[in-house]
Amino acid sequence: MDSPEFQLDWDRERRTGVAEAVFCQGKSPDQIECIVEAALTDGRRLLLTRLSGAAHATLRTGTQDVLDYDPSSSTAVLGGGIALAATGIGIVAAGTSDMAVAREAQRTLAFGGHRAEIIADVGVAGLWRLLARLDELRACRVLIAVAGMEGALFSVLAGLVAAPVIAVPASVGYGVAEGGKAALSSALASCAPGLVVVNIDNGFGAAAAAIKMLRAAG
Amino acid sequence: MDSPEFQLDWDRERRTGVAEAVFCQGKSPDQIECIVEAALTDGRRLLLTRLSGAAHATLRTGTQDVLDYDPSSSTAVLGGGIALAATGIGIVAAGTSDMAVAREAQRTLAFGGHRAEIIADVGVAGLWRLLARLDELRACRVLIAVAGMEGALFSVLAGLVAAPVIAVPASVGYGVAEGGKAALSSALASCAPGLVVVNIDNGFGAAAAAIKMLRAAG
Amino acid sequence: MDSPEFQLDWDRERRTGVAEAVFCQGKSPDQIECIVEAALTDGRRLLLTRLSGAAHATLRTGTQDVLDYDPSSSTAVLGGGIALAATGIGIVAAGTSDMAVAREAQRTLAFGGHRAEIIADVGVAGLWRLLARLDELRACRVLIAVAGMEGALFSVLAGLVAAPVIAVPASVGYGVAEGGKAALSSALASCAPGLVVVNIDNGFGAAAAAIKMLRAAG
Amino acid sequence: MDSPEFQLDWDRERRTGVAEAVFCQGKSPDQIECIVEAALTDGRRLLLTRLSGAAHATLRTGTQDVLDYDPSSSTAVLGGGIALAATGIGIVAAGTSDMAVAREAQRTLAFGGHRAEIIADVGVAGLWRLLARLDELRACRVLIAVAGMEGALFSVLAGLVAAPVIAVPASVGYGVAEGGKAALSSALASCAPGLVVVNIDNGFGAAAAAIKMLRAAG
Amino acid sequence: MDSPEFQLDWDRERRTGVAEAVFCQGKSPDQIECIVEAALTDGRRLLLTRLSGAAHATLRTGTQDVLDYDPSSSTAVLGGGIALAATGIGIVAAGTSDMAVAREAQRTLAFGGHRAEIIADVGVAGLWRLLARLDELRACRVLIAVAGMEGALFSVLAGLVAAPVIAVPASVGYGVAEGGKAALSSALASCAPGLVVVNIDNGFGAAAAAIKMLRAAG
Amino acid sequence: MDSPEFQLDWDRERRTGVAEAVFCQGKSPDQIECIVEAALTDGRRLLLTRLSGAAHATLRTGTQDVLDYDPSSSTAVLGGGIALAATGIGIVAAGTSDMAVAREAQRTLAFGGHRAEIIADVGVAGLWRLLARLDELRACRVLIAVAGMEGALFSVLAGLVAAPVIAVPASVGYGVAEGGKAALSSALASCAPGLVVVNIDNGFGAAAAAIKMLRAAG
Amino acid sequence: MDSPEFQLDWDRERRTGVAEAVFCQGKSPDQIECIVEAALTDGRRLLLTRLSGAAHATLRTGTQDVLDYDPSSSTAVLGGGIALAATGIGIVAAGTSDMAVAREAQRTLAFGGHRAEIIADVGVAGLWRLLARLDELRACRVLIAVAGMEGALFSVLAGLVAAPVIAVPASVGYGVAEGGKAALSSALASCAPGLVVVNIDNGFGAAAAAIKMLRAAG
Amino acid sequence: MDSPEFQLDWDRERRTGVAEAVFCQGKSPDQIECIVEAALTDGRRLLLTRLSGAAHATLRTGTQDVLDYDPSSSTAVLGGGIALAATGIGIVAAGTSDMAVAREAQRTLAFGGHRAEIIADVGVAGLWRLLARLDELRACRVLIAVAGMEGALFSVLAGLVAAPVIAVPASVGYGVAEGGKAALSSALASCAPGLVVVNIDNGFGAAAAAIKMLRAAG
């Protein structure tokens, strides 16, 4: 007989500072339900990411009932929220279409107890919108920036603040920008020193990195 | 017997507003010398681009003597300069390494009688450098912008001025920016409407387009 | 509490000569409706692009009623049309399949008050079709050319006219032409000097650039 | 003990209509000399392609003596030329920089007894140059077209003649055209039906195909 | 008012030896119907390619009635078939999944009056299947070969026959073979001289080229 | 008349040690049914791969009845299972989402008489999960490893065991990992010597290779 | 007259926490010397990166004299070193070939006053080498990891420590790993949450990010 | 103080069945000499790969003296050869240009005590050359196949023999075959089941895998 199809890594939080989470894209409803059940059995909180509305709807009612599902970020939380504290993490979104990724970061931070505001629609084609928020941005200890298209926001922002900036290229765009590839290249090639990058649409990873950075301060 | 290896298109200027020019990369010294000779015979002025210092040095002294060679832009002019007029074209270079391409544009414009200043080293990682020159930039009727790396300058600039901006991605950078590909994607994917793009390192083409745009005004 | 998800850049027209427009692909019905409402509140005209028939159909009736929607270009206009003037911009489409992109350009121009005719199905495989329209083409001050497949039209056209030519590669084709990549390379690599390029399918951007070029003439 | 490092396929001509030839790039001088010696021993004629001037110079004098070397095409022939006949194959080169590839095709044809003229520098940016040669082009039974940059010549030419056109993309260009990739895409994506394509810079292969096509007529 | 959206090139057959045909992918039902009507009015036969079953079903009954539609090749013929003659063109398909492309070639040939047999499922992983058909293959004057996956069939076949071989890479495969890119590279990089290539899935273009090759014999 | 569309290669097993199998993706229901019928007529067992649930459902009931279909691996077996023996092949899956590919390998092995366990969810982000199974892994004679995302499992595993490791990159992931390309590069570039690789998602090919490796031992 | 070719951004340190530095690749000796002179005049310390041994040798003796040049990292420092403090940043290099990049990070950190040890040759093909250093690694507040080839080290390391890990893909490898592309994909696609990435070979950027992260702690 | 720059993994052979080897490309002469010295000190045999003639020549005479250097494969052996046994591994090279890679495999096998013959120049464009060696090939227990260009040899060979075939794509070719990418795709996409693949030019890795496969038999 085969071994079970998953092994939850409850030790991860202690080891790496970031709790176990489940990436749901590509997993069957059965697999997701088994994982949720295992977490319930072990008495653990759990974050589920990339759980589309359609996928969420195929879960059994019992499973849906124990999950706090947010369609705008395609995330679900098992085990309830915890008290939030404003720890100095800010999220910047270049355009309205980048909000889904920004919210994934926001929900991941909230799962870890961090309250973070999203400063939205400040793309550099209208530079005044970004400059108007400069004081808020400079007050943050870590910034997560989400941008699709050509991703010029990353370089401009990183040149204006002292906080580390985590660039999240978003799969927003068409033609050469399709799938977020242009924004990703932009982020990596940036001439603004100290910018760091995660995979396209990886709001979760950016949030995890931000949490680790705050801990580095400890 | 074969036909001759080249046919100069002296009619081009009348037809398209841009004079015949010769792209020297990949041509043998013999081929370049024959072309120069033909132009001399026909009593024509001629612009040679992508003529590297090494290639220029292999030409016969006689040929070198009739050419006004500029190593910083790898261009040569046959037939002397003409009177320059300030017609409203400006050139912006993001970094010092972008100067060779910017100078190719400048020399091509000068060949056509247009005087254009280069505003250099105004990349967006230090945004104040660009903003300090805003009045000069806004006074231009057409802008040529040269940038390598992530090319964020293109979007920021196009969002600040009413003149059409011609983006020239430069092959400056390494890793994902190697060969200018990241800057090219950035320019094409820009969320600043009205930005137009030419091939990587194509300072000549940007200058030709700028001249055509001024003529459109006529 | 988060800031609002969008900030309309009403100042854009004064600053750059091109009015604010909204790219709808990737935005939720809610987001689009909020934006339309904000424009109504501010008493502004607004152009919406990439609003597919399916997306348009999901909008509330009230929102649909205030929009002038054109399915062939997937654009909508809020605030009514304005008087059109023939200002010398022409649009060329290589094939029948390129019409959607050509119409996006045409609608964007009309939003800005420019009347532009589309000269259709003049791809170079049947060169006589293009040559038969040469007088009309040469009468234009700025040309927008839309072509998919191998995009050979761009180079041929730019070699025949003095007006600046803005190439819009179209995502028409299969195999190596899939998604418009072959036409894009063709446009950028063109040996016809003075050709400028925008992103694949970006009829909107080409129109914005054409308007800026006419202004450069001023 | 290992087998010998090469096995010449003398039967190839009988089987496929195209004689054995040796691609020299990447072979050591020793390997090339052994192959030439084997052909001499077997009393065979042999075509060597991609033998750069530098590589040719490293061969022993004895080997150099038996080879008819042509630096402009980087080809060498062992065993002497044969009588040439004009069999209706024409070669078209878009630009002066494409001549090396065009000459490789010409030499390969000559090795097989076919005399073919090169019509040079007829790129479509100056369309009149191509149209002026239309009668000559239409008189050919098979056409080989060599073009780098954006390769627009392929589509225009194939739309004008009844002969099959073999496109040879040339590695001439920079930026997106670097290495001939843009010209290759152009050739494959062409909207002119009946155009066929070989690998970048493969003048040899185009000539071999042209010979096969004439045989198909038999 | 705009010009009409299409211009049929009835002169094409006289000029290039290949009749006008209509590529339907990306065209609206309205556009296709207008084209069919125009051909009817002009009293012309017409070939329609890439007309999917779904697209065919959306046409008006009247239009469907005048078309001879073949779902296996997604082609339709207007104006009836003509007498077929066996002129020496053969079609080889590497696998069962390549049949749709092979049939597009077969239908295109039939539209032009050429009868061509398909030799199917002779991929080189079971070499005996190809070798068993060698006499038939060697009897052909021109061969069209269709293969997806790694496209090894192209090289093996071209090394066995004297006829020119036209490779049609098919979009059959997954992973690195997805979309036919691996088969395309294989065809272009082939070490079998004289192989020529068309775009992925372009059965129509291969047939057009084969017809042109037979004419070259004339 | 055309030849039949398929030729089953019953001799394959004798020749190569791996039985004929049918890749169903891209084949029509008719084609699949004809193949199954032919196998029944010839009295042969047959493995069908990439037969999606949707495709399986379109087959005639009669055909469905003779097939043992497994939706989790999208495989079907005709002709019944055979006795299984534990011959030393192990399968490792990095994550739960990789199970479909792992099961395709497992079913292919079972079709050939090999019983193989899947060790699941041992990705290296939680290294302890892999190290905990080291004894089992080291007991295997051949290992098949399935991983998507960044595929780091391949190198770590191959550095820990003496058995040959066959890497199967899985199309699990997003952004740069989309379609399995990152995992494929990882596997090929591995610094752990002796790792071998098959195409993305090719569980079938990995199993075939494992069987061949065991035979090499004979 | 043109403006000067460079504008040093002395304000950068105050604004972003990272001092101005000069990327020398692609700059002429003249340009570098002018920049050094300007820094001397302004009485500023300066870091020069990507100054190859060959480029360094072309500088005037006077310029060489004021620079502290390190060939192993291709960096130079103007203005002398400063006192170093061990602030908790560690550098990990997967292989000996990755040392040049690791040293660029180390020198950049030292320029800012941070002492950081390099833990070398701990690639995961020999996992014990990494595990043996686990205590040292876990004692760091921020880790910089340099790896070429398949970059599996990034995921393994990030799964073992709580500190943020900055991945620097190195251009070490061949085939699919050429230029560092495989390692870059690996880093971005990692399933270890909280890993952040900079451009290929960008040791400077990683160091700048590490410094910013420590400040975030303040 | 930093740790040493390398750590030799002497335990690797016991753990994985393949001895430690040193990849020299990208390492400095100093680094290579230190490694050789360490091996001498530890009394170990060592294989060095990718040690070009130029790099070998820069080593100190003392180091050169203890190495058995083979320029045709760019490998060196420290510690002398060992007795060779014919264990059933065969090497096939498609063309003469593939010999360097084939010899790297041969030398790696010899370092491990395996004698393997190279069957050279049996590319499938002349199929008879391969078929003539079929008995020898079928007698092998494991086959390593090296091919550049389009790599059709891999599929044909794997369809003819029962032994596992390890494909080594070689960086031989131009245009789409440049750098070995076409051959790599061909190998991975092969329709011949059971073919496994290593990185481009990785003769060392193929040999290591072959040795592991023989052990699997044990």
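Remarks
Labels for the chains are A, B, C, D, E, F, G and H, by order of writing; each one numbers its residues from 1.
One rule holds for everything that comes next: contacts are C-beta pairs under 8 Å (C-beta built on N, C-alpha and C of every residue); 3 or more make two chains touch, one makes a residue touch a chain.
Just so it is clear, the model here is predicted, and its values are computed rather than measured.
Annotation of chain B and chain H: jointly contacted by D, G, touch as defined at the top. On a Cα centroid basis, the chain most remote from chain C in this structure is H.
We define each chain's centre as the mean of its Cα atoms; on that basis chain A and chain D are separated by 55 Å. Remark: chain D and chain H have CA centroids separated by 34 Å (rounded to whole angstrom).
Multi-chain contact residues of chain D, defined as those touching 2 or more other chains: 12, 125-126, 158-160, 175-177, 184, 188-190, 192-193, 199-200. Contact between chains, using the touch rule, shows up for A-B, A-C, A-F, A-G, B-C, B-D, B-G, C-D, C-E, D-E, D-H, E-F, E-H, F-G, F-H, G-H.
Within the complex, the chain E residues that touch chain D are 12, 15-18, 21, 88, 141-142, 158-164, 166, 184, 188-190, 192-200, 204-205, 208-209, 211-218.
Residues 1-7, 9, 11-12, 23, 25-27, 31, 35, 50, 169, 171, 179-180, 184, 199-202 of chain G touch chain B in their complex. The part of chain F that touches chain G in the complex is made up of residues 94-95, 123-127, 149-152, 154-156, 158-160, 173, 175-177, 181-193.
Those residues of chain E that touch chain F in the complex are listed here as 96-97, 99, 117-122, 125-126, 128-129, 172, 174-178.
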